[in-house]
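The same chain A turns up in both complexes below, where it pairs with chain B and then with chain C.
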Partner chain A sequence: MDKEALIAELKEIIKPYVQDQEAFGNLTEDTHFITDLKINSANLVDIVLDTEDKYNIEIDNDSMDKMSDVKSAMGVIEEKIAAKG
Partner chain B sequence: MIGNDIIDIAYTQKSTNYQRRGFLAKVFTTYEQDIIHQSPHAFTTVWRLWSMKEAAYKWYLQKGGRPFNSPNRIAITLRDNLTGDAQIGGFSVAILSELTKEYTHSYTQSSQQYIQVNEVFRLSQNNVNTQSAETHNRLLARIAIDWHLEETCLSIKKDRQGKPLIYFHAQKLDIHFSLSHHGDFGAFSFLQAISES
Partner chain C sequence: MKDRVVITGLGVVSPNGVGLAAFREAIKAGQSGIKFYPELKELGFSCCIGGMPEISEALKRDYFTELQLKDFKSSGILYGCMAGLDAWKDAGLALNEAPDFESGTIFGAGTSGVEKFREAIYKLDAKQVRRLGSTVVAQTMASGVSAYLGGIIGLGNQVSTNSSACSTGTEAILMGYDRIKAGHAQRMLVGSCSDDGAYVWGGFDAMRVLTYKHNDDPEKGSRPMSATASGFVPGSGAGALVLESLESALARKATIYAEVLGGEVNSGGQRNGGTMTAPNSDAVQRCIKKAVANAGIKAIAIDAINGHLTATIKDATEIENWMIGLNLKAEEFPPINSLKSMVGHCLSAAGSIESVAAVLQVKEGFIFPNINCADLNEDIAALIPADRIPQKLIEKDINIVAKASFGFGDVNACVIFKKYKNK
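And now, the complex of A and B:
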C-alpha cells in the first residue's frame, strides 16, 4: 500500500478520538498522538483495537509501545501486514 | 517521585467503552481481569485500576523509566477498597485512590519524610486547549501559598527530557509534583519536605 493511502486510512481510524482538531488538520508523519492530537490514553487503546480490526492483524505489547506517532503507527501496520504474507 | 491521575466518571462513560471486544485484554493483566469480572461494580473497578496504572506510570517516568504505551505492562494488586500496589519496570509503588460518584483520583504514596498534598477541582471549561494551563495555574497558586512565594513569579517549564519543573523566577524549585486533567476535572499532587524545626 502506498504511503498516502495508508496515512488517509490511519486518519480515518484516529479521527473519532482526536481532541485537537487544528493539529489533526495539520497532521504529518511526525504528529504525536498524545502530545499533538491530545488523544487520551484510553482512546489510544481504542486506536490499537480499531487498527487490529481494520487490517486483521494483532498488535502485541512491543508494537503498541511503538505506536506513539503517525510514522511509527504506519511502520507497525506495514510490518504486521507483511508478516501475514 | 510522585504520580497522580484523575478520571471524570461521566466523561469516561461517554468516551470509552471498556466492554468492547479486546479492550480489557489489552489493558489489564489476567489477575486484574479476574478482579474486574468478580467485582459487583465492574465499571468503577475498571477505572480505579486504570487510574492506578496511570499514576504509577507517571511516578515511573519521574524515576527516569523509559516510556511505553502498553498498560498491561503495569501490574496492580489491591489491598483493600482504597489502596493497592503497582509493579512497574522492576519497581513497586503503593497507590491510594479516592472514589466519588463524579471522579476517581489515584496517587502514589510517598515516604513519611514528606507531607503529600492532593487536590481535585472542577475546571472552568471543558476545553482541551485550556485545561492543561488551568491545571498548571491551580498548582502554582497552591505552591505560592504553601511556600510563601509570589504566584506571578512561579512558572512550569519542561526540561530537555520533557519533564515539567517548577521555577521561581529562574530558580528551579525542588518540588516533586504530578498533574492530571480529564473531562471536567483537574487534579494535582505534590510533596512537601517536613521541616526540621
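And now, the complex of A and C:
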C-alpha cells in the first residue's frame, strides 16, 4: 500500500484518541502515540481494535506491544495484511 | 463557625427536569416525569412505565469530550457527572489544573454501567474478551461515577462511592458532612445516581413491587399516600450537592443554600420485623430520633418532612414511624411530601434528587405539592390531618426540613437541613 495513503488512514483511526492536536497536525512517521500525541495508554488497545476492524486483520499481543509510534504501527499493519495473502 | 457545614451548590438530573431551573419549575408545578416505555412492554414487563431523564446528544457534549462519549453506555455515570458538574459550577468552583486536596467526593450508585456490562458479557461469552476495548472497567466499576467526577474536576481529597440501596443518596450527604465536620476536607461533592431501564428495573418487576395498573396513564402511576397506591414506579437520574465548611464558603463569598445540621444512619439488622426488603420500624424511629438529637433541634421546630414514601402499603407505617420518632401528636405534625409522586422511585438516586428538592424548599420558601393522592390512604388519614399532605404548592418560609430514605438491607438515613443564618 502507498505509504502516504496508509498514514492518512492511520490518522483517521487514531484521531479520536489524540489529546495533543498540534502534534497531530505535524504528524510524521516518527510521531510517538503517547509521548507526542499524549494518547492515554489505555486507549492503545482501542486503536488496535479499530485497526483490526479497518483492515480485517488480527493483531496479536506481541505485535500490539510494538505499536508505539506511527512507523511501527504501519509496519505491523503491512505485515498482517501481507500475512493475510 | 469551625464546625458548621453548609450547602453551596446544587445539581439535578431528574425524570421531570434536567438542570436546577427546569427541576424547580417542575416540582413547584407538580409535573410528572413518568412515561410509558414500549421497550418494557416488548420485554414482557408487568410495569411498563418509569422515569428517565431526557438528555439530548448535544447536551452530553457540554459535560463530556467526544473521546469520553466513545463507546459510553453508562446512564448512571452520565446522570451523576451531569448533576455533579452542575453542582460544582453552581457553587462557583472551577475545574482544577492541579488536584485540590481539600475537595473530594462521595458519590453513590446502586449499579454502574449495567448496559455496558451486558454488552461486555455478550462479547465474553462469544470468546471475544480481547475485543472488549479499554472502557469496560471504568464504566462498570461500582466507583465509576466518583472516578469520572474526580478526574474531570481534579479532586484530591477522598474520591469514593457509597452504596446502600435506596438510602444511598441521603447516606452520601451524611458521609460528606462527617468528613468536613471531622476537619478532613473543606469541600465534598456528594450525591448519587442510578442507571435506568429494563436491566435495573427488571428485578423489581419480578418481585411484583411495581405498579402494573397504570400502563395507560403513566402520570397517574406513582401514588404515594394514596388509597389506590399499588406499588412503586421505577425512576432514575442523579442529584448532587456541594457541601462546604462554613469557613470556606464565607471566605469564597459563596451562595449558601442551607446548612446541614447533621443526621443519622443506621440499620434494623433485619430483626424485629426488618428483613432484606422490609424495615424494622424500631430502627426507623430510632434513626429519626437520633437525627433530630444530633442536629440539636427540637422536633416541633421541623417545618416540613420530605419522606421516603414509595407508594406501597408501607407508606402508612412510615408516617407512623415519623410520628413516633419525632414524638409529635397528630396536630403537631408538619406538612409531608414525596417527590416520588412526580419522578417515581429513583432507587439509588432517590435520596439525593429528593434532598435537592428539600434544600430548594428551605432556600426559596415553598413546599412542593404531592400529586396523585387526592384519595388519601385511610390509614394515613387516621394518623394525621389531611392538610398535612399538601395537594397544592405552599409558599411559606421554611426554616427546617427533615429528609429520610430507607433501603433494602433494612438500612435507614435521615438528614436535617436548616435555613442558613449567620448567628
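Heads up, the rule we're going with is that the second predicted complex is superposed on the first by the 85 of 85 C-alpha atoms of A that agree within 3 Å, B and C clash if a C-alpha of one lies under 4 Å from a C-alpha of the other, contacts with A are read in each partner's own complex, and residues count from 1 in each chain.
What we mean here is this: contacts are C-beta pairs under 8 Å (C-beta built on N, C-alpha and C of every residue); 3 or more make two chains touch, one makes a residue touch a chain.
Not measured: the values here are computed from a predicted model.
By the touch criterion stated above, A:Asp46 is placed in contact with chain B and with chain C alike. Contacts of A:Ile81 after superposition on the shared chain: neither chain B nor chain C is touched.
Of the two partner chains, chain B is the only one that A:Met67 touches; chain C does not reach it. Taking chain A as the reference, the larger set of touched residues comes from B, when chain B and chain C are compared. By the touch criterion defined above, A:Ile7 reaches neither chain B nor chain C. By the touch criterion defined above, A:Leu27 lies against neither chain B nor chain C after alignment on the C-alpha atoms of chain A.
In the three-chain superposition model, chain A touches both chain B and chain C at residues 42-43, 45-46, 49. Those residues of chain A whose C-beta lies close enough to touch chain B in the complex are 19-20, 38, 40-46, 48-49, 52, 61, 64-68. Residues 16-17, 42-43, 45-46, 49 of chain A are the ones touching chain C in the complex. Chain C meets chain A in the complex at residues 66-67, 70-71, 131, 133-135. For chain B in complex with chain A, the touching residues are 12, 15-16, 18, 20-23, 26-27, 50, 54, 67-73, 128-129, 182.
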